[in-house]
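Chain nomenclature is as follows: A, B, C, D, E and F, assigned in order of appearance, with residue numbering initiated at 1 for each chain independently.
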Amino acid sequence: MTTLNSSDLVRVDGRSVSDLRPVTIERGWSDQAEGSALISFGRTKVLCTASFTNGVPRWMAGKGKGWVTAEYSMLPRSTNSRMDRESVKGKIGGRTHEISRLIGRSLRAVVDMKALGENTIVIDCDVLQADGGTRTAAITGAYVALADALEWGRGKKFLAQKAQPLIDSVAAVSVGIIDGEPMLDLAYTEDVRAETDMNVVVTGRGLFVEVQGTAEAAPFDRRELDALLDLAVGGAATLTALQTAALATSLEAARA
Amino acid sequence: MTTLNSSDLVRVDGRSVSDLRPVTIERGWSDQAEGSALISFGRTKVLCTASFTNGVPRWMAGKGKGWVTAEYSMLPRSTNSRMDRESVKGKIGGRTHEISRLIGRSLRAVVDMKALGENTIVIDCDVLQADGGTRTAAITGAYVALADALEWGRGKKFLAQKAQPLIDSVAAVSVGIIDGEPMLDLAYTEDVRAETDMNVVVTGRGLFVEVQGTAEAAPFDRRELDALLDLAVGGAATLTALQTAALATSLEAARA
Amino acid sequence: MTTLNSSDLVRVDGRSVSDLRPVTIERGWSDQAEGSALISFGRTKVLCTASFTNGVPRWMAGKGKGWVTAEYSMLPRSTNSRMDRESVKGKIGGRTHEISRLIGRSLRAVVDMKALGENTIVIDCDVLQADGGTRTAAITGAYVALADALEWGRGKKFLAQKAQPLIDSVAAVSVGIIDGEPMLDLAYTEDVRAETDMNVVVTGRGLFVEVQGTAEAAPFDRRELDALLDLAVGGAATLTALQTAALATSLEAARA
Amino acid sequence: MTTLNSSDLVRVDGRSVSDLRPVTIERGWSDQAEGSALISFGRTKVLCTASFTNGVPRWMAGKGKGWVTAEYSMLPRSTNSRMDRESVKGKIGGRTHEISRLIGRSLRAVVDMKALGENTIVIDCDVLQADGGTRTAAITGAYVALADALEWGRGKKFLAQKAQPLIDSVAAVSVGIIDGEPMLDLAYTEDVRAETDMNVVVTGRGLFVEVQGTAEAAPFDRRELDALLDLAVGGAATLTALQTAALATSLEAARA
Amino acid sequence: MTTLNSSDLVRVDGRSVSDLRPVTIERGWSDQAEGSALISFGRTKVLCTASFTNGVPRWMAGKGKGWVTAEYSMLPRSTNSRMDRESVKGKIGGRTHEISRLIGRSLRAVVDMKALGENTIVIDCDVLQADGGTRTAAITGAYVALADALEWGRGKKFLAQKAQPLIDSVAAVSVGIIDGEPMLDLAYTEDVRAETDMNVVVTGRGLFVEVQGTAEAAPFDRRELDALLDLAVGGAATLTALQTAALATSLEAARA
Amino acid sequence: MTTLNSSDLVRVDGRSVSDLRPVTIERGWSDQAEGSALISFGRTKVLCTASFTNGVPRWMAGKGKGWVTAEYSMLPRSTNSRMDRESVKGKIGGRTHEISRLIGRSLRAVVDMKALGENTIVIDCDVLQADGGTRTAAITGAYVALADALEWGRGKKFLAQKAQPLIDSVAAVSVGIIDGEPMLDLAYTEDVRAETDMNVVVTGRGLFVEVQGTAEAAPFDRRELDALLDLAVGGAATLTALQTAALATSLEAARA
């Protein structure tokens, strides 16, 4: 039933199964944050900011290490029908928690906490518009914001001039199986139809940071898993190239 | 000590005391909401969405009337130093409550609930970047989002073809006294220095919906109050004209 | 349509449009608090206590300044139909927050924080019975409680013998337009009928601390605003006189 | 070590060990509630209101039975040093829960729920000033408020003309052992010194509804327990007489 | 109607009115806690752990005294129909608070805080299966866990070698009146039928720590109260003997 | 650096890299729940109960489908040092949410909701003692509880006699890389040292339901991922056999 080789199959928006949606990264979108990027994966738009604070929480002080953490949230009308605000409900839902933790782990995987020194970076990923893949767009954009915040810290002398806290880059992409066909970067309408859905976080060197595969409708076998991983690694490489390009110019030029 | 007539005085950003900051309204910013506007007052940027739901909450049903409500929130890094999220704190602060209620009252003042029929509109105003005047930008942008959501409802036949739920337009602006001088549309650095701060909500016809004056540092007299109201009425008229212009074209053209 | 001059018009309770309801101030009602007053505006009764603490919160320490803050709350059956307790609901509503902040700002406007020194005063205003005007009664009573708490602090040597932390007195009153007629000090049944409702906080010298006007049913024009302010200033002057009288005797005599 | 028979011993405030403090009951204190009483046990003052609602919660409907419940709370400055509000903390403490439940059980013990019919009574006991014995004052005052609320319901025909929902009266008093001596109705300074503290809820007929004895400092033996119960039964009989007197006149006379 | 002398009456499970259910104490159930016991009263099973921490909370430091506190909770499906989790509801109910406080007070009554020194013990009582008497089983098992945690502290030298923090033992049992008959240790089906229900906490020496009697359906008289206390004292003596036996062997033997 | 083939390497507790810890399943542990199992993976002990309710929540009614959901929690002293209760903190942490959702998804993957009909099953997994692998033990034990609850429902005629709601079985196991070596079923001390940690949920037929791999310390490559999956599939097969054995006898025999 699973074909696994029809990469010429065409999707609703005209993409092939191994195409990403159009990706844009507006680096330095915020005038306030030390690093920021407004990233879009198709209609999905996530504002990522990185807040650099010299110092660490009291319980971490004196160890010569830094910390990176992340919070994810969706605007109430980022989605097709309005969701209640978590601040109004007075509690954060499981999905929000789960994604915030995933983003934090993904970024920490490429940061050398010793080289960061006693500095704290808080990443905020706020989904302005959602059309599938918000967590993968968030991770991909957050890396750009993080890189700029680190440079800001270097400029302020909070980082040693030669410190290299970034040991790799990191990007993320979703893959899934729809009607037996593995596909890259699912839009929302594809995501709800997927039998299996996987989010893969990959470093610039092609190593895995997170592999989170879930059988939404039907358990999957090893061959399907392999096909999904292949697609994800390819997509992540493209995202890595886009991150590199976004970071290649000076920030001033990027904001102009 | 108060001079009250030097409107040729020049401010940090080059404005005269009676100038607004540059105002832009990106109507139809959201692909998801029934009405939306990304409004900026200088560096202050607020994303306003209007969510139209056919029907009203159970306790209002059967009265032939609609309801309009609003929620305001700031992204954690919209400000110069990061604020904790209210969802993480598990409760909404007094300032957020106060502004949400103000926005809701301001919009309801220009809506005929009978003409709206049994429909509900929820306005969300999320501050993406803050530099003073977020509540006044929110009200001004929310009106545009509301107007478009109502037209969407008409297109869907949730509103009668001839229903005129909007009985007026509404805009808002801040005014304040700095060093004894009344000024229009305070930026953040001005706001913190102001002796007195006032937010004024004015309809397109020039009537007052809300007048909220607060002596931050020094009580004010009647003459100062009058000078502030004069400035506010002038600023609101300019904002009304910008709203009218933004709504003048077809939405499709606006989004193109 | 608006007449604005019929001050001889008679209200349900026999008052003219410019009359306050009967106001009583039971100074020193509490045996526990450093300052207290049970104030009534007609059937509205608010217990105001002022708690004096030597010292300030850690984040304020070392600046030689004090702090004054306030909390407002209604007993669940202060109103005609019982309200759920905010402690049971687990969160404080927007209206409560808004009024607590208003009371705090109003009192701070007449306190010289340098003269107060590193002392903290917490004002609690608990509405025992509500019939309109609870926030204005609260501010008016809180001033009396505050004045006594400051004298207590002077007696305890927490204040310098010559320190003058009170730079003015403060009182508040509501005004509104009913059937086109501006009226002073609205009772609940009047408040719900008002087209426009305004709370005005005025110092003993007649300066404005807060002007909060809201068009409940119909936007108002400049002439109406002026008429409301005139009424409010007059009412506030009467309240100031009552405060002065209440504070004129020794506290022991007041409690006897 | 325990003497147990020196009832002529004199306390700080001049009472003998078997004396209550002066008790006053201001029946009908509230203009808003269907039944109310402001009760004082010495300096302890509790405002008790009873809110009568025709009907019961959905899950109880159709059984022909009513419900009585209670909530207890202390004003933040009812005590010698200010306590934080439970509404501000966002949760209700164990002591508050415990006392609310005790008051509810005590009142339900004297109500025939069948005779009450499908009506709900909510008792609110708010401590305006605390000096020991707030829970026992609350129960004693709440009975008076309850009795008046039931008569209000009869007047409104929500109760059958011959229904007798009150099967007995109920009052409560604290007892404790101080320096080996059992004493009645402890004031706060006595309560903190007590080795053992007991709250006893007794009906008008002299039966026990609740006996809650706690060894605060030293476990107690059977002889001490007996002595405490004797004192409590005597004190409760006096309170019953005061309740009867308070309820003997017409409510209109009581409020005059 | 009350007979009070038929102690030969037989209950559903074959017990006489003065019999406890079968009681087992698995001392040292937990590999993690410093002291622990899995106690069962018939089908009621409670896991009691005692966590020993060297040091006290900051506000208690420097006084040379320790602290003992307790938390009680029920697993959601410990009962016949599933209850919602209090963590999911976001707040702790009144019953849970009440029982946690009761357990804490009961244990503190037999601990000499000076002899404990600046150490903290937290007792957790988690009901794995509930069939009436969970709070009395919890107290009885908690004492065993506490005793072992104290010996652990002595082994670690956090307690002086000769310190005797335990001044007595403590156990608890429920009693109640069913169809006019006083009975010991009520199972759930008995508890719901009881007219009166009492929990009694007794030390090894036979002194009372807590007596909490509640008239669930009918107030009780002094003779009934006496009969209940007699039954409780007898049951507690049996529990004391079982605690002594459980603690008689070495902990290693107990766990084997 | 990674060897990947030394499966004869011996671990702290004597296991080889491909050994599970001793696994026991006490089926029918609870007298209250419709299905239950106390499962242990070494010192990790999780009590799993399945609560069967005839009917579904209102928003699901009328679709002929059922629902399965799960909640996970740890007792405060299940761990080596005591954790605060989430009920006391008033909110559920991200990890708890994440695991509850994982358990729910894993079980739903093997349930045919149509065959379940309009019935709801709530799974509770409470960790009594934690030593690594609590979530995988929970899933493995929960399947046994679920199977028994379904048979209970069949006995009560809530399920059709021929309905086959279980379309497969499900078990879970952790794998990780320590010092470059992939290992099965990590104990806590191993888990904290692992460079990479993966939880794998596998059906009885050997298909994947969830693959959640996280680089705790170092990103992993495809060869390592493959080795981990191989180990997990082997471990899961053993767990499936143990589940089958536990379910093979009659429940009465299992509980005897």
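Simple rule for what comes next: a contact is a pair of C-beta atoms (placed from the backbone, for glycine too) under 8 Å apart; a residue touches a chain by one contact, two chains touch by 3 or more.
Just so we're clear, the structure is a prediction, and the values are computed from it rather than from any experiment.
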{"item": "Lowest number of touching-chain links that must be crossed from chain B to chain C", "value": "1"}
{"item": "Pair in C-D, E-F or A-F that repeats B-C, with over half of contact pairs matching by residue number", "value": "A-F"}
{"item": "Label of the chain whose CA centroid is most distant from the centroid of chain E", "value": "B"}
{"item": "Rotational angle, Cα trace of chain A fitted to chain E, multiple of 5°", "value": "120"}
{"item": "Inter-centroid spacing, chain E versus chain D (mean Cα positions, whole Å)", "value": "29"}
{"item": "Centroid spacing, where centroids are CA-atom means, of chain A and chain B in whole angstrom", "value": "33"}
{"item": "Chain A and chain C: spacing of chain centres that average the CA atoms, whole Å", "value": "52"}
{"item": "In chain E, residues with contacts to at least two other chains", "value": "90-92"}
{"item": "Ring topology as an ordered chain list, initiated at chain A and continued via chain F", "value": "A, F, E, D, C, B"}
{"item": "Sites on chain A touched by chain F in the complex", "value": "91-95, 97-98, 100-101, 105, 109, 168, 198, 203, 205-215, 219-222, 225, 229"}
{"item": "Touching residues on chain A, where the partner in the complex is chain B", "value": "30-33, 36, 43, 47, 49, 51, 53, 71, 73, 75-82, 85-92, 96, 122, 124, 126, 128-131"}
